[in-house]
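Sharing a structure below in structure tokens format, with a few things to ask.
Labels run A, B, C and D following the written order; every chain starts at residue 1.
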Amino acid sequence: MSQNSASSAPASRRRLRLGMVGGGPGAFIGAVHRIAARLDDRYELVAGALSSDPERARAAGAELFLAPDRCYTDFRAMAAAEAARPDGIDVVAIVTPNHLHYPMATAFLEAGIHVICDKPLVNTVEEAEALVALVRETGLVFVLTHNYSGYPMIRQARAMVAAGALGALRVIQAEYAQDWLATAVEQSGQKQAVWRTDPTRGGVAGSIGDIGTHAFHLAEFVSGLRCTALAADLQSFVPGRRLDDNAHILMRYESGVRGTLWASQVCTGTTNGLRLRLFGEAGGLDWHQEQPNELRFTPLGGPTRIIQRAGPESLPEATDISRLPAGHPEGYLEGFAQIYRDAADRIAAALEGRQAPTEAPLPTVEDGLRGVHFIHGVVESSRRDAAWVSLPAP
Amino acid sequence: MSQNSASSAPASRRRLRLGMVGGGPGAFIGAVHRIAARLDDRYELVAGALSSDPERARAAGAELFLAPDRCYTDFRAMAAAEAARPDGIDVVAIVTPNHLHYPMATAFLEAGIHVICDKPLVNTVEEAEALVALVRETGLVFVLTHNYSGYPMIRQARAMVAAGALGALRVIQAEYAQDWLATAVEQSGQKQAVWRTDPTRGGVAGSIGDIGTHAFHLAEFVSGLRCTALAADLQSFVPGRRLDDNAHILMRYESGVRGTLWASQVCTGTTNGLRLRLFGEAGGLDWHQEQPNELRFTPLGGPTRIIQRAGPESLPEATDISRLPAGHPEGYLEGFAQIYRDAADRIAAALEGRQAPTEAPLPTVEDGLRGVHFIHGVVESSRRDAAWVSLPAP
Amino acid sequence: MSQNSASSAPASRRRLRLGMVGGGPGAFIGAVHRIAARLDDRYELVAGALSSDPERARAAGAELFLAPDRCYTDFRAMAAAEAARPDGIDVVAIVTPNHLHYPMATAFLEAGIHVICDKPLVNTVEEAEALVALVRETGLVFVLTHNYSGYPMIRQARAMVAAGALGALRVIQAEYAQDWLATAVEQSGQKQAVWRTDPTRGGVAGSIGDIGTHAFHLAEFVSGLRCTALAADLQSFVPGRRLDDNAHILMRYESGVRGTLWASQVCTGTTNGLRLRLFGEAGGLDWHQEQPNELRFTPLGGPTRIIQRAGPESLPEATDISRLPAGHPEGYLEGFAQIYRDAADRIAAALEGRQAPTEAPLPTVEDGLRGVHFIHGVVESSRRDAAWVSLPAP
Amino acid sequence: MSQNSASSAPASRRRLRLGMVGGGPGAFIGAVHRIAARLDDRYELVAGALSSDPERARAAGAELFLAPDRCYTDFRAMAAAEAARPDGIDVVAIVTPNHLHYPMATAFLEAGIHVICDKPLVNTVEEAEALVALVRETGLVFVLTHNYSGYPMIRQARAMVAAGALGALRVIQAEYAQDWLATAVEQSGQKQAVWRTDPTRGGVAGSIGDIGTHAFHLAEFVSGLRCTALAADLQSFVPGRRLDDNAHILMRYESGVRGTLWASQVCTGTTNGLRLRLFGEAGGLDWHQEQPNELRFTPLGGPTRIIQRAGPESLPEATDISRLPAGHPEGYLEGFAQIYRDAADRIAAALEGRQAPTEAPLPTVEDGLRGVHFIHGVVESSRRDAAWVSLPAP
């Protein structure tokens, strides 16, 4: 086999009791969340509201080894019942279309249950602010699955920037290009496409909400800087599409840093092309999601170095969360699972009334609010023909 | 997110009861097996012989949520006790150094328990033949974790070759180069290195046994051809090393196909560089383990096409076992988990007395025997200064 | 060696008599022009104004095998003398800093001598328009060395777009990133840096003029579309720098096509990173200058194909101008030489009073005018905080 | 443009008078030699024996601007006439099929004319030894165009090995794979294929002579080590082919270094795939001809560095012979031209009775002899079923 041992066992050894809302048969992201929860053996799925149809809810639950009495058809009923059980769920994963995040998160938080929620947070600034307030009020853990921030080499990049490896930053180039909406697949009923291109469910933005928010979050996450203003030009290239499917954005960050952000779902030849490049006075970094195990670092005056996850010059921030040695590719699921693993540490600490041992950089409800500001800022700027729109400070 | 839904749930919904022998704290491959078993929720780990020290066995078991009475210190005791329990394990995973595979596999097979065993199978041809006989006699499932054959694009390559996309094959180039043994790490006590370079535990071969067997299996697995003869030149470059750490081999396959196989663990700049290239009258294929989601196919007279897992021209053999859409990288753990998923189908069918629904191409005890023949053939050829040595037909 | 023969000899067999202005010892681009002129044996360098210092002019001329009486110290004297000689130069190459292009080009055109001129054309719109008028009036050939348009795979991309391989275009992403000005090298006297960052010589723009114009030209050249408006955000990151060293631009093209253009000379880890990506309804193209022999083409619904220069699916537009078969890399000099070869065909035809046999897509004085409009549009937009600025139709 | 100036002018400024034998219209390698000779302006082509047919010889000569009286139809007549002229050629380039190299080289050497000759040197060991003796006897310069040794990053690799960057070498992997002979193109009359697959012209070996010798030369050139023994398995995959089109070879070098060499012309998906990897105690190098401007260097314990030609960590051996700054790709022709440039230095020095200023590592007649030994050693080993064959020390 190979050289390193997989990372050591987590400090706290209890499996958290997990519930899931949404994510029934055929759902893409629900299955991903479940694998992510299982990977490190920190969760046990014990309850779900997988369908509003009783028959289908029970069948889906059986498929997932849920007890029949914990297969709910209504999320409010589930929150109430689980809160009342002595063995009720510790945490719920919300994996529905965007417009349902707000009422669901609210219901579970009010029932005293920690929340892991898919992105984007919610569809309006008002909802986002209300959720921020509720999380603060309840003191519960709220984790937003900006899963790309769980990739070890993204953590490495963040650590390198923080440690000054790039010196003062100058330029951030973020792009996230896909091609699966290059034709009007929503008109043929493709389930993933239908709700994402429907304003009543997906919100005011299409590609910007679906993938642009990931790129935005990652740019801020890695750079440690806040975007202060943006100027956006949105397009809907596919005839009949009601939301944007392509976006070009000029970005201004704190400290005079500049950049662009490009999000697209209509560019044939790209697949899940999330790429982040950062350039500073002392060096540059280049990372591509489709080759997530390597990070290219070029110090000023030196050749480019290919830093491999868990290999030479891989920092503890990346190596310690690696499950495999270098050369054994980890991927999307492991990055997603990292969010779950870090969330488990935090939730377990909360349940036991102690500090989480190491404060992993998990995306929070506040990051969700920023994402909603970003979405609305972009839409507003584009409506005003790419006028500059300021983003509020967090 | 993205376009496809993750693959549908498996036909049979029961979790198999899994035991593990070896794989205690600090073990690399034990942790990998456990994640692989968990990924698709087809197994539940319920028993283990994780250490011969009672204290450590219990601690390691607690870490893995095992009941105290199922934390064994002796594999024979475990086989007997589990076979006697009504809720005893269905299958055991053997994840120890090579020299223990034989007695352990024998014990569990004789106790009527299915076996998943790490590679290489055993250290001698005699042991391998005895195991083959025992598996046939008991009718139990025996799966060898040549995990790289679980990668979707390896399954794709195999399917393309079988379908004639390359025409009659001509050349197979297999290489597996690492660098983690470039220095005498075994002398500093690195646990993974120590037993692999110790003939009493690793067997007659070093790199050939550890990684050469993977490359050999993959070459035969993808090509559908058997190696008939080989001529090998082995080296031990690192002073004091007792087994080979580099091997160059001329290969002859059925039907006049020729190739080379290179295995090394001392080549700085390679990491886990398993690469397979096949060339035929009508086209060529190129796959590299470190970028496992793509397969390069060049038809005669056409440009090279980059086929992505679950993307255009991805065959059902690859797409149907994908957990994620194209562009969302899967890696080593998913490939390993595929072996476990396919094994679960087969074992569940055996337990229920029916045929496994689709006969996935799982590595078997017979493949293990071939691997042992390969190891001994290589060592013999090298002793005779790279004379040709025939491999027996399977 | 290999399979194809190099491309056949050009139709017209005469060597053009070439003069050069600028490009004395230590000049980068002068040496490039000379190699480009020599490569296909269509020119003979016979005269030059390589320095205003008589001693240095003669020494530099001797180095280049010029006769002493054709080593001039003044471009006007050179234009007059050469025009008067029966064996005077047919064509002059102008390879000086930008601010000298206008008077020099004017002098040679007025003397009836064809011109090959480095880019950008001139520093002001007025000069550019005057040159356009003069070229039209004289009927002489004027070629602008937007050399990247001479790369075979750029010609291929242009031909594919024109033939509809991408369908209706949607998005054009152009980027040209370098890092050689990441520090204030101009303050240490680096010759190439000094004049490029000096407004009196480089003009109103820095990186935009030096490399942004290449990216702009290429985007229009390949797409066949005109940019109609742009919104630009310019920066001068290096303290003390007087011109832009980084530029982010939103681009709007004819037919609703959108894009961005990024030019930078301060991004460590990029070298000469000119990349062009085009996406249309039916497919996408991706080309990178540092790997110029391949073009990635992804048809809608198919895998990406790596089209190699002179290999399968290489069109006549690329193969016919290849000097080498596929796999034998051509580079920057060959692309530059293509401009010279095409210019030779055109000039020879003009000298002989006939049509140039195939009308190669050479960059003209009108392209130079567009580049100047682009530069001034970008600068104006940035001054107005990234307001949209229209570009005039050509 | 960019940062560096092109390399400075050579010390000696005279153009050598060059003759060419072979290389008439349609010849591939003749055109390459001519461009290589022109690139740095160190040669003037003044005479040729381009065809044995007077009409065609004159037409071809006119195409190349040769005076009619220097268009010969017979190489012996040319050697005699040119030797007799006061302005006769200084050096001849021999660019014919292999079997003609010997009589031609002999004729020109005997006439006192320096020789640049294509590879492989000749077809038999006897001829090779005779040529070595003749070159020594005459004291003339004899350069063999193992052109790949002219690539800057190959020179860099050689210098790094010599300087100990890899420590003591262990493994050398050389491969040169093409696909242009994957079908029986010689049967359709393809000129390049016909003579290469004809034993009376190509010699005893096919792919081994045509491209294997390049890989062999490069392995020794870069490593500074001599191959001492080899064991080869040759194939002729294409029905009707009379010479090998694929070869797998086990290699043993001085100092216990081991390797393989693979040469093939039938592997679809490879193009001109010459790759060289060297591994030593302290690091590894990886170079691929199709991306010749970069060299990957991995020091033991560090990440892989991508060293770019003329970029950071590019040594003088590479930077000083670069015509362009990093990021501006040089290719095959520039590498070939380097051989010509170095040859010009050496020949000019010889003509002027002085030492060549820096002794560039040019391939010599002795290297040619080694190549012939290699060819015959491979063929003999393969005839004896891959028995070990020793190569004589040089």
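Couple of notes before you dig in:
Basically, a contact is a pair of C-beta atoms (placed from the backbone, for glycine too) under 8 Å apart; a residue touches a chain by one contact, two chains touch by 3 or more.
Each chain and its UniProt protein: A, B, C, D = Gfo/Idh/MocA family oxidoreductase.
Source: prediction; values computed, not measured.
Distance from the centre of chain A peaks at D, each centre being the average of the chain's Cα atoms. The pair with more inter-chain C-beta contacts, choosing from B-C and C-D, is C-D. The centroid of the Cα atoms in chain B and the matching centroid in chain C are 55 Å apart.
In whole angstrom, the spacing between the mean C-alpha positions of chain B and chain D is 44. Chain geometry summary: the mean Cα position of chain C and that of chain D are 33 Å apart.
Shown for chain A are the residues in touch with two or more other chains, namely 304, 308, 311.
The touching residues of chain D, counted against chain B in their complex, run 170-171, 173, 179, 182-183, 231, 233, 235, 237, 246, 248, 250, 252, 256, 258-260, 262, 264, 266-270, 277, 279-286, 296-300, 304, 385-386, 388. Only residues 1-6, 8-9, 13, 15, 25-29, 31-32, 34-35, 38-41, 62-65, 178, 180, 185, 190-193, 210, 270-273, 289-293, 308, 311, 323-334 of chain D touch chain C when the two sit together in their complex. Of all residues in chain C, those touching chain B in their complex are 301-308, 311-313.
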